[in-house]
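Right, one structure below, let's go through it.
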Amino acid sequence: MRELAYYEAKLEALSELMAADESVHLIGGSFLGLSPHRGLFSAIEKNYPDRVIAPPISELGYSGLAIGAAMAGLRTVVDLGTGSFIYEAWPQVVNEAANAFYMSGGQTRAPVVFHVLHGIRGAGAAQHSHSPQAMLWNCPGLEIVLPSSPGDVKGLLKTAARSPNPTIFIDHAQLLETRGPVPEGDGAIPFGRAEVKRAGKDVTVIATSIEVQRSLAVAEQLAREGIQVEVVDPRTVVPLDFATLLESVEKTGRVVIVDQCHKSCGIAAEIAARIAEEGFDKLKAPIRRVTTPDVPIPFSPPLEEFVTPSEPRIIEAIRSVLR
Amino acid sequence: MIPKVPRENLLELCRRMLLIRHFEERLIHLHDEERFSGHYHVYIGQEATGVPALSCLERGDFLFTTHRNHGHLLARGADPRRLFAEILGRKDGYNKGKGGTFHLAASELGFFHTSGIVGGIIPLATGTAYAARAKKSGQITVCLFGDGALEEGAAPESFNLASLWKLPVLFLCENNGKYGAGRAVGAAQSPTMAVYPLTDLPATYKIPAKQIDGTDAGAVHVAVSEAVAKIRRGEGPQFIETQTVRWPGSETNWPVVPVATDAAMAWDVSSVPEAVREWYRSSDPVLIFIRELWEKKQATKEDIAELDRDVRKAVEQAANFALASPFPEPEEALKDVFA
Amino acid sequence: MRELAYYEAKLEALSELMAADESVHLIGGSFLGLSPHRGLFSAIEKNYPDRVIAPPISELGYSGLAIGAAMAGLRTVVDLGTGSFIYEAWPQVVNEAANAFYMSGGQTRAPVVFHVLHGIRGAGAAQHSHSPQAMLWNCPGLEIVLPSSPGDVKGLLKTAARSPNPTIFIDHAQLLETRGPVPEGDGAIPFGRAEVKRAGKDVTVIATSIEVQRSLAVAEQLAREGIQVEVVDPRTVVPLDFATLLESVEKTGRVVIVDQCHKSCGIAAEIAARIAEEGFDKLKAPIRRVTTPDVPIPFSPPLEEFVTPSEPRIIEAIRSVLR
Amino acid sequence: MIPKVPRENLLELCRRMLLIRHFEERLIHLHDEERFSGHYHVYIGQEATGVPALSCLERGDFLFTTHRNHGHLLARGADPRRLFAEILGRKDGYNKGKGGTFHLAASELGFFHTSGIVGGIIPLATGTAYAARAKKSGQITVCLFGDGALEEGAAPESFNLASLWKLPVLFLCENNGKYGAGRAVGAAQSPTMAVYPLTDLPATYKIPAKQIDGTDAGAVHVAVSEAVAKIRRGEGPQFIETQTVRWPGSETNWPVVPVATDAAMAWDVSSVPEAVREWYRSSDPVLIFIRELWEKKQATKEDIAELDRDVRKAVEQAANFALASPFPEPEEALKDVFA
C-alpha cells in the first residue's frame, strides 16, 4: 500500500469530499495549523472559492452559522484552529448542536463537523495546548473522532463529513508529519470500530490520538525484552467500540490507558471506569492511566515535556501493571 | 392601521391573533391546574407582531424563535393540539414530548430548532441563510428574538457575518419592554443596554434597520413585507425592531391571567380590573386590531364574536386532545440522541 | 443545633459575607433560581446597593469583569443562573480564570466565585438541566464545590468567597428546600474535607450534591433490611479528599458512585478510575456508577424521571455490588 | 509630530522605541537560532503607539495586552533581561518560564494577565476598572488589543458593561492592518469586519471614540493624554484606534527581519532592500520619530547614534543574561496551580 504523510492524507480527504459533494463547505482554513505544509490547502481554496470561507475571528458566530447551514442541508466542516478556541464556540456546540436532534424529537439533523488541532505541541503554553475531547464526551449528542494515523485521518474524515450527526474531529498538532499506509480509493472507515494496532498477550494499552504512536513505539521497544504489548485504538470515542477494548483486556488482564487529556474526568477516566465496571473480574492488576497531570500546560520546554504523556511514562506504567 | 390585504386575509390574521391569545390564556390555567410544570413564557401582547410578520413569508422559508415561541408557531399555522401536547410533555407533541415549551420545533413549518439560550438562535439563523444562498434556493430566514438577546455577543458576531456575506436573513427583534410594562415606542434607554436606539447596533454593521410599533399590525405588515422583498432581491440582511408594551400578566416570573380576554373588550373594558385596564384599553394589540377591523368595516361585531367563539372552541378541543394524549414510554428517553 | 432550609443557609452566608467584607461584590442576583423564596435576596440588594450588580445578559462579559475585578483585589461572586449558562462564559472561565495564577508564574490571583444551579430540576429540558462540574474538573486551576446540605452550603460558600483561587460553586436547583442543622457563627468548612454523612460497613456510596440526600434516604431504607450503607460526600472535588473516600472503600470493599453528571467522563468516572487505580486490591466487586445516561435531558416528566439518578436506581446498584 | 514634553522625556521615548525594535530583531534571530520554539508575534511597526501611550499613565494603573505584548511591556519599563528569559522559557523569566511569549505578566508594572485568546482581555479590563471604581483608588485601566479583537463578541459585551457603568478604562485598539501591509490611516474596509470605521462600534455603545495615526507619536500622546484625563475625571470609558502600516517582517506567520534597523536609516534608506524600502522610508514609526527629533533640534545625529548603540548593547546583554539563565526544574510544572 502507498505511504502518505498524515497531512497529505487529510488534504486528500478534504479534496475528495469537496469534489464529490457540492454541499460540502469549509468554514475556516487552518486544517494544517502552522505546519510548514499549510500552504498546500490553498489548492482547495482555489478550486472551490465559493465553498471555502475565511470567517472573521468570531468562533461563536461562525460555528453557529455552520450548524444552521447543516440544518438546512449543507455539510459544513468548520475549522476552529487550536483546541482551546472551540471554547469560544461552546454555547453553540454544547447547547445547540448537541441537542438539536434530540430536543426536536428527531426532526432536525445538524450534520456539521467541528475540527480542531488538540494537545501539547511545543511551546503552546496554557492557552494553546488544550485537549477538549473529554469535556465534549460529557456532552451527549456529539460524535467524537480521534485519528492517530494517515489511514485513519483520511477514512474517518470521510465518514465525519457524511455523518448525519454533529461530529467533533480532533487531531493532534504533532501528528501531521507522521507517515503511514493509506489505501487507494475512498477509504472511509466506519465510526465505532476500534482497531488493534498491534497484537500482544501480556498487557493492553488503550491509547488515543498521538499517544497511539507513542504506545506503538513503546511496544516495539518492550518487545525486545519479550513483553508483548497489545495496542488498541478506539479511533472514535463516541460511538465507542467498548467490546473490542474489553476483549483485549479480558485477554491480557492488565491495562494501561494513555491519553493526552488532563487526568481528572479525562478520556482515560471514562475508559478506566467502564473497565472497572464491566471487566473487573478479568483484571489481574490495577488499571493505570498515563495522562497529562491536572496542571495548565507550562511554556518552558522541560516543564512541558514533564507533563506530556511520553514514552518513558508509558513504559513505567506498563511495568507497574506487570509487577 | 390594518394591513392592506383582502378582507379574508384580515379575518385570518384576526383568527390567528385570537388563537394565540386564547391558547395561552388556557395554557396558564393548565399550569395553574398543575398539568405541567417548569418555567414557561407566553406571547400575549405581541400578537400583532408575529401574526402579520409571518404572513409575509413563503412556505419553505426558515424560522428561528426562542423561549417565547408559542405565538410564532401558531402564527405560522401550527396545530394547537400538537403544541399543547408538547407543552404537556405528551407523545403527540411536536417534539414527542422531548422539547417542551422552550424548544417547540415543527420542521414542516420551517421551525427546525428553537433555543432557550438567549441569543442562541442568532448565529444559527445566519447559517440557514448561508445555506439558502449557497443552494440558490430562494428561501429566506426570519430570526425572531427579544431585545435582551442584543446584549449577548452572539448578536453582533452574527450581524457581522450576515452583513459581510449579504445573507438572506431578517432579524426581527421584539422589544417587549424587558424592564416592566413601561416600555412603549420611543421609551427610555434600558439599564442593561447602552446602545440606544437598539437599531444602532445592526446599523453599525451596515444592516438596514427600522424601529416600528409592534402593536400596529399594519405597520408590521408594511415593514416586514418591504424587508422581505429586499432580502429576496438579494440586498442582504435587514433588521426590524418592533416595540410592544409588556402584558401585565407577563411581568412576574410566572404568567398570570388578570382577565380572560373577550373580543367585546375591544369596545368596552369596564369589566377589566382597574389595575390592568389601561393595558387592555390602549396597548392590547389584539383588541386594537379588532377595533380597527370594525372601524374599517371589515367585520361586524357579530362576525368577530363568532370568530372569537370558534377559536375558543378550537382551543378547548386542542387542550382536551393534549390532555388525552399519553405520556411517552420512559425508554423513549434513550432514543433520538443520534440520527 | 438550629435547623435551617438550604436557601436560608445560603442567604445567611451571603449576608454575612457582605457584612464582614466590603470587598465582596455580587454580580447577578438569582442565587435562589426560581425558588418561591427568591424574593428574600432583595434584602441583600437593598442593604448593599453598590455591591450587588444586575448585569446585562452577557455572561461572557460579566464573568470576565468579575475575574478582572478579583485580580484587582475585589472578591466577586458571580451568579450565572442555570448550569447551562456557564457555557456562555466558558472562554473566560476555562481559558482565563483557570490559567491566571499558573500562567503568570504565580503572580496573579483571581479570587472569583462562579455560582450556578445545576442539574435535573423538573421540566428543564435539554438546555436548563446541565451539570457542568465534570467538564470543569477536566480544567485544572478551578476549585469545585458541590454542597449537599444547609450546613455545607453555608460553610462552603464562606470558604469559597475567601479562597484565593477561582472557585466554581455548584448547587442543585432542587436542594433549596432541604432542611438540616446549621451551626451558629461563621461555620466555614475547609475545602478538601470529605464527610462521612452516614457510617456503614457493607457498602460505600460516594455521592455528590443532591445525590447525597437521595443516597441517605436509600441508606435509611436499606438499614431496615440490615444492609449498612456508608455514605461519603466529597463536598469539594477540587481539592478532593481522596484519602477519606479510599478509607471507606477499603473498609467495605464495595462501592457505588452516584452523581448527576452525564455518565461519560463524569464526576463518577474520575472517582471510579482513581479507586480502580489505587484501591483495586481492596475491591470485592465491580465499581458501579449511578449517573445520568448519555442523552440530553428530555422535557416530558416520565422521561426525565427515567434518566435521573433516582433512589430506585441507587438501590439497584447497591444490591448489584452486594451480590 | 513629536509629543510636547521636555527634551529628556523625548529622548526616553526614543530610547524605549529603539529598545523594542532592537529587542525584537534580536528575538527573531534567537528564534532562527532555535533558542526557543513555537509561535510568537512582534510589535515592530507599532512602537510609536505603545511608547507614548503608556508614558501617559501612572504607577499603579492596570494594563492588559495580548499575544503581541513585548512592546507594551518594554514601553512600560520592563526589564529586557527577564523578558528575554521568559520568552526562552528560563527560570529568571517574568513568569518563571511558565507563560512564554504569549503571556508575559509583570504585576509590579500593572500587567497582571496577558491572554493569547483574541478578545480575551477585554472583559478582564472592565473588571480591573470596576474594582478601581469600587475602591475609589483612582487607578485606570488600559486595554491594548488588535483590530481583530473587535470581531469577537467579547468586545461589544464589554463595551456595553464599561459604558453602562462608566468604568475608568481606555480601550486602545491597534489597527495594524491585519490584511497585509496596505492598511494605513483611512484605508479600506476589512473583508472580515462590516463595521467601518471601527470606531463606530464603541461609539454605538456611547463610548467616545477617536481614530488616529499610530505612527505619529505626538498624535498618540495628545489623544491618550486627553482620554486619560477624561477617564480620571470620571467621564467613563474612552476608545482610541491607532492605525499603523504592518511591518513587512510581520506579514507571514513567522516574523523575519528584512533589514537590521539602524538609527541612521532615518535619513538614508538606500541600504534597505528595495522590496521593503518604502516601509522604512515612510511608515517606520521609530525612524519617523528620530527624524522629527532631529528636525526639531531635540537631538543631534550623534546623540541618536549614541542612544542607538547603548540600546543595542543593553539588548545584547539582556539576551546573554537570558541565554545563561537556567531552565526551571521539571517538577516546577506542578507548582502554582493554586494560590
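Order of writing sets the labels: A, B, C and D. Residues in every chain begin at 1.
Everything below uses one rule, namely that contacts are C-beta pairs under 8 Å (C-beta built on N, C-alpha and C of every residue); 3 or more make two chains touch, one makes a residue touch a chain.
Fair warning: this is a prediction, and the values are worked out from it, not measured in the lab.
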> Between A-D and C-D, which chain pair is linked by more C-beta pairs in contact?
Replying inline: C-D
>> Let me check something: if the centre of a chain is the mean of its CA atoms, which chain is farthest from chain A?
In response: B
>> Nearest whole angstrom, what separates the Cα centre of chain A from the Cα centre of chain D?
In response: 37
> Using the average of all C-alpha atoms in each chain as its centre, how far is it in Å between chain C and chain D?
Replying inline: 42
> Between chain B and chain D, what's the gap in Å when you average each chain's C-alpha atoms?
Replying inline: 49
> What whole-number Å value describes the gap between the mean CA coordinates of chain A and chain B?
Replying inline: 42
> What parts of chain C, by residue number, touch at least two of the other chains?
Replying inline: 55-56, 58, 60-61, 84, 88, 91, 95, 102-103, 125-127, 140-141, 293-296, 298
>> At least two partner chains per residue is the criterion; list those residues in chain B.
In response: 93, 95, 97-99, 103, 115, 117, 151-154, 157, 160, 164, 191-193, 337
> Quick one: in the complex, what on chain A touches chain B?
Replying inline: 23, 25, 50-51, 53, 55-56, 58, 60-74, 76, 91-92, 95-96, 100-110, 140-141, 143, 164-165, 239
>> Residue numbers of chain B touching chain D in their complex, please.
In response: 151-157, 159-160, 163-164, 191-196, 200-201, 203-207
> Which residues of chain D touch chain C in their complex?
Replying inline: 62, 93-99, 103, 105-107, 112-113, 115, 117, 120, 122-132, 134-135, 139, 153-154, 157-158, 160-161, 164-165, 335-339
> So in the complex, which bits of chain B are touching chain C?
Replying inline: 36-39, 89-90, 93, 95, 97-103, 115-119, 148-149, 151-153, 191-193, 253, 327-334, 337
> Any idea which chain A residues touch chain D in the complex?
Replying inline: 34, 54-61, 84-85, 88, 121-128, 293-296, 298-307
